[in-house]
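Next come two complexes, and both contain chain A; in the first it sits with chain B, in the second with chain C.
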Partner chain A sequence: MSVSYWRLRDRYYRIIGSICDSCNYESFPKFNTCPKCKSHDISDKEMPHTGKIISYTLSYESMPGFEHELPMSIGLIKLDNGVNIVSQLVDSEVEDIKINANVKAVFRKINADGNSGQIYYGYKFKVINA
Partner chain B sequence: MIIPTMKSSTPVYISGYGGYVPKLRLPTSDIAKLWKGSGSGPNKTKSVANIDEDTTTMAVESARNALSMSGLCDIGAIFVGTESKPYAVKPTSTIVAQALGVHKTLAADFEFACKAGTEAMQVITGLVGSGMISSGIALGVDTAQGRPGDNLEYTASSAAAAFVLTNNSKRSVAKIEASTSYVTDTSDFWRRQTESFPRHLSRFTGEPAYFHHVESSVKQLLSEINLKPSDFKYAVFHQPNPKFPIQVAKRLGFTTEQIQPGLLNPIIGNPYSASSPLGLVSTFDVAKPGDRILLTSFGSGAGSDSFSLLVEDGILDKGPNYTPLTDIINNNKEIDYATYTKLRGILK
Partner chain C sequence: MQTKISGTGLTKITDHWSKSIVDLAIDSARQAISESNTSPDMIIFANTLSSYSSSQENLSTIISEELGLSDITTFKLESSSCSGAMAVNIGHKLLNSDNLESVLIIGAEKMTDLSPAETIKATALGESYEYTQFFGITMNSLYALFSRLYMEKYDVTSEELSQFSVLSHKHSVTCKHAQFNREFSLDSINKSATISSPLRMLNCSPIGDGSASLVLSKTNNSNFDDVNILSSTSSNSSTSFFSREDLLKFYSTTSCLNKSLAESKIKLEDIDLLEIHDVVPAITANILETMGFSKPGNASSDVLSGRYDLNSKVTLSSSGGLKARGNPLSATGIYQIIEVTRQLQNRSHADLENKNIGLCHNMSGIDSNTVVHVLGVAN
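Moving on, here comes the complex of A and B:
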């Protein structure tokens, strides 16, 4: 596992973002300065694990290492707190992936460094109540 | 040798439980078509982990469900029972702990073929009952392996089950009354280091292995706590195939009706360490306060754990986020054998 991924494991495992202690503005990924009020009083906050699709695409091309997952659905999701997040959509039929569909975060393998290297885990989303 | 029935000095409860079954199903007729030309396996379908699922991901999903139901956060132990660790060396349990945001905890992986999950329950019962920790999570989870063309390939499947055990009676789903364990050195099924698939001794896995150990642990438990099969509303046995649990229930004096709610092999196969724990999840879903449940696992090598559980009022409030196991199982999609080999990395 790369050190940079290890440092961000709570972002990927638990969808940890941040909240401004001054104005309560929430963001994912984390920020150090509040983009709304410029405060530096920032705390970690786990984002909601549910939301709605606001846009999506179906990709037939992949980055190296993701060839076995084609075609791959990618969604732009508005979480229940209003924060937007981009994620792979899994366990969801193409006809169920549509704007305003309800989604829920799931814990999945993202990739691995070959057969002997480390495994990268993180969040993906799936359509619920289709 | 039989060890005495285990009872904790202070009460230990199950305050949350969760099951996870992957969405994909492989009809066993597809396996039979390839290797035998026609027919099917003893179970109609088996659950298959997707390409991005493994023991760790399924453990996290089931643990999140169990933790959500329990409402507890003071977790002092996370024990993952499995024989399909993604890493030969590196614990699955620490990844689960990180994903749950739990750090001041014991974490370990247990292995005992198909009974590692119930073993984890027994150890956490001891830790909670002795006062060393207040709560812990026990998991049984596997992406079971079966060599292509072998009889095991029809049944070996994927799933997970998790239980939060605690000394807090407030939201008790069930009280753990007692448990027992029975083991011998019996080589009915094994997998050597570096091998991808287990081997087994075919019919030998029945009488001297499954039946001897399951019957011994159940008889020991019933004798020590002075109960009989009719005192139990439900019973859950390990399910290597659809026949064995029905046969052993009959031999021990349990009825088919008692084991029906937990009998999942015909539709999902045998998810090894998750088999009997997931049967318990399914049984909890239909149980009512006052029902007594027998849970009996079997692990090759060989051994069997038996529990007597008394269902309590917490079963009536599973929380707003709970999804019944039936709904999870019914949300499925069939795949063919070619897709199965791709997803599970069998083609090399």
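Moving on, here comes the complex of A and C:
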């Protein structure tokens, strides 16, 4: 996982997606062809770090390496620029996780290669003003 | 273009501990070849997990050799959960554009050699590794996010949507190759363990091994009635449903349906048998509503009123669909086509009358890549 993580670390740390230079369409994750106008003139764009929950779930099953996170809260979040992102929700009471709750991005450990291997970091979101 | 389904074969969907993916593929392929009374000119092997679950690729060559078929064209086709129907789509096109008489389509998936956590990862391999798997986002959690959006928009509860799970299990009771041959009450479904809220275990399609095969040919040498592919269409949209303008709109399904009706020259009301990608209830409902079989938000109440029962005008998932027949990913689309074929030939487990046209809808992800077939008995 190390090399792909290294390649993407800045996108994971700062939530960097794309903006179309022709029609200003924004999206996360990054794209190479604008889904809206099909332009190839694309630039990196840091997404807003705040938004609202539009759907959520509490998951009781995990992929290898995420067992310690269970149950895992996951949100579908509409960021302040209208772009949707799916993320784990942390540092939030389960009863505060609801539709239209305000959230902000936080920097967190995502996973690790065992006890002495590489640690992977990235974005998660937490409920604010609950 | 004319393609006939001249051979079918399948295994029961279950935990096949003693069989490898090759053993499973050969089981169903031999049945299909035997039924068709032909030797195929080409083999397309549909599969999506073999490199992960069996540490094996080049399976089309291995399986062809094991079937004793050499000096033919053989290859693997991977398109996540719709690999099976996509292989039929490509086989149908090649049969009609090349100097071929028959094409063998084999779909097989070996899922139970993996640990439970690995299986959960396996079902998410079709989603972005970098932005979903990396963060531990499972496929069922994406289905759950979609389900809550559906429930919010149409003010439908998860308990009401569970009517689809009741229906699936009711239809699979007499189907011998189905993974489950028992009914579940609405209450027991709604009290089963939560997998990813609001989805419960008995709302989600199960994990199972299985293989299904078809022989497509220009002439039917089998002992069964002609069943023709009246249309075969496919369409893709964004891989992730949450990057779409309208999160609940199934763009690929809509496009496939429109192209299918035009190509087959049938009307929606002509369809008697429906096999759709009924992987969780809200997605089942949204497919039925997208296609126009139910009004938006009404599909679960239509199930309750009996609209999709075995002996109704439009039968839904007559062998239990993905939930109760089972969902061995790349084989699923082929199980669907076999179900409709055998119903049209009056040789399925359920003795349904006056069924002439069937529609099969198989997709990967949440409508990210969709394939639709319309099948009919020959006039």
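Here is the rule we go by: the second predicted complex is superposed on the first by the 129 of 130 C-alpha atoms of A that agree within 3 Å, B and C clash if a C-alpha of one lies under 4 Å from a C-alpha of the other, contacts with A are read in each partner's own complex, and residues count from 1 in each chain.
Operating definition for what follows: a residue touches a chain if its C-beta (ideal position, glycine included) is under 8 Å from a C-beta of that chain, and two chains touch if they have at least 3 such contacts.
This is a predicted model, so every value here is computed, not measured.
Placing chain B and chain C on a common chain A by superposition gives a fit, with no clash between them. Within the superposed three-chain model, A:S22 lies out of touch with both chain B and chain C [touch as defined at top]. With both structures placed on the common chain, the touch criterion links A:R14 to chain B but leaves chain C unconnected. Measured by the number of chain A residues touched, the leading partner among chain B and chain C is C.
Once the two complexes are laid over each other on the shared chain, residue contacts for A:I110 go to chain B and to chain C alike. After overlaying the two complexes on the shared chain, residue contacts for A:N102 are found with neither chain B nor chain C. Put simply, the three-chain overlay gives an angle of 150° at chain A, taking C-alpha centres for chain B and chain C and rounding to the nearest 10.
When the two structures are aligned on the shared chain, A:H68 is found in touch with chain B, with no touch to chain C. In the superposed model, A:V90 lies in contact with chain B only, and not with chain C. Fitting both structures onto chain A leaves chain B and chain C with a minimum C-alpha separation of 12 Å. Once the two complexes are overlaid on chain A, the chain A residues touched by chain B in the first and by chain C in the second are 69, 110. Per the touch definition, chain C reaches chain A in the complex via residues 115-118, 120-121, 124, 128-138, 140-142, 144-146, 148-149, 152, 193-199, 238, 240, 242-243, 247. Across the complex, chain A meets chain C through its residues 1, 4-5, 8, 12, 27, 29, 35, 54-67, 69, 72, 74-76, 84-88, 99, 110-111, 120, 122.
Of all the residues in chain B, the ones that touch chain A in their complex are 23, 50-54, 56-57, 60-61, 64, 86-87, 95, 98-99, 101, 333, 342. Chain contact summary for the complex, chain A toward chain B: residues 9-10, 13-14, 46, 68-69, 90-91, 93, 106-110, 119, 121, 124.
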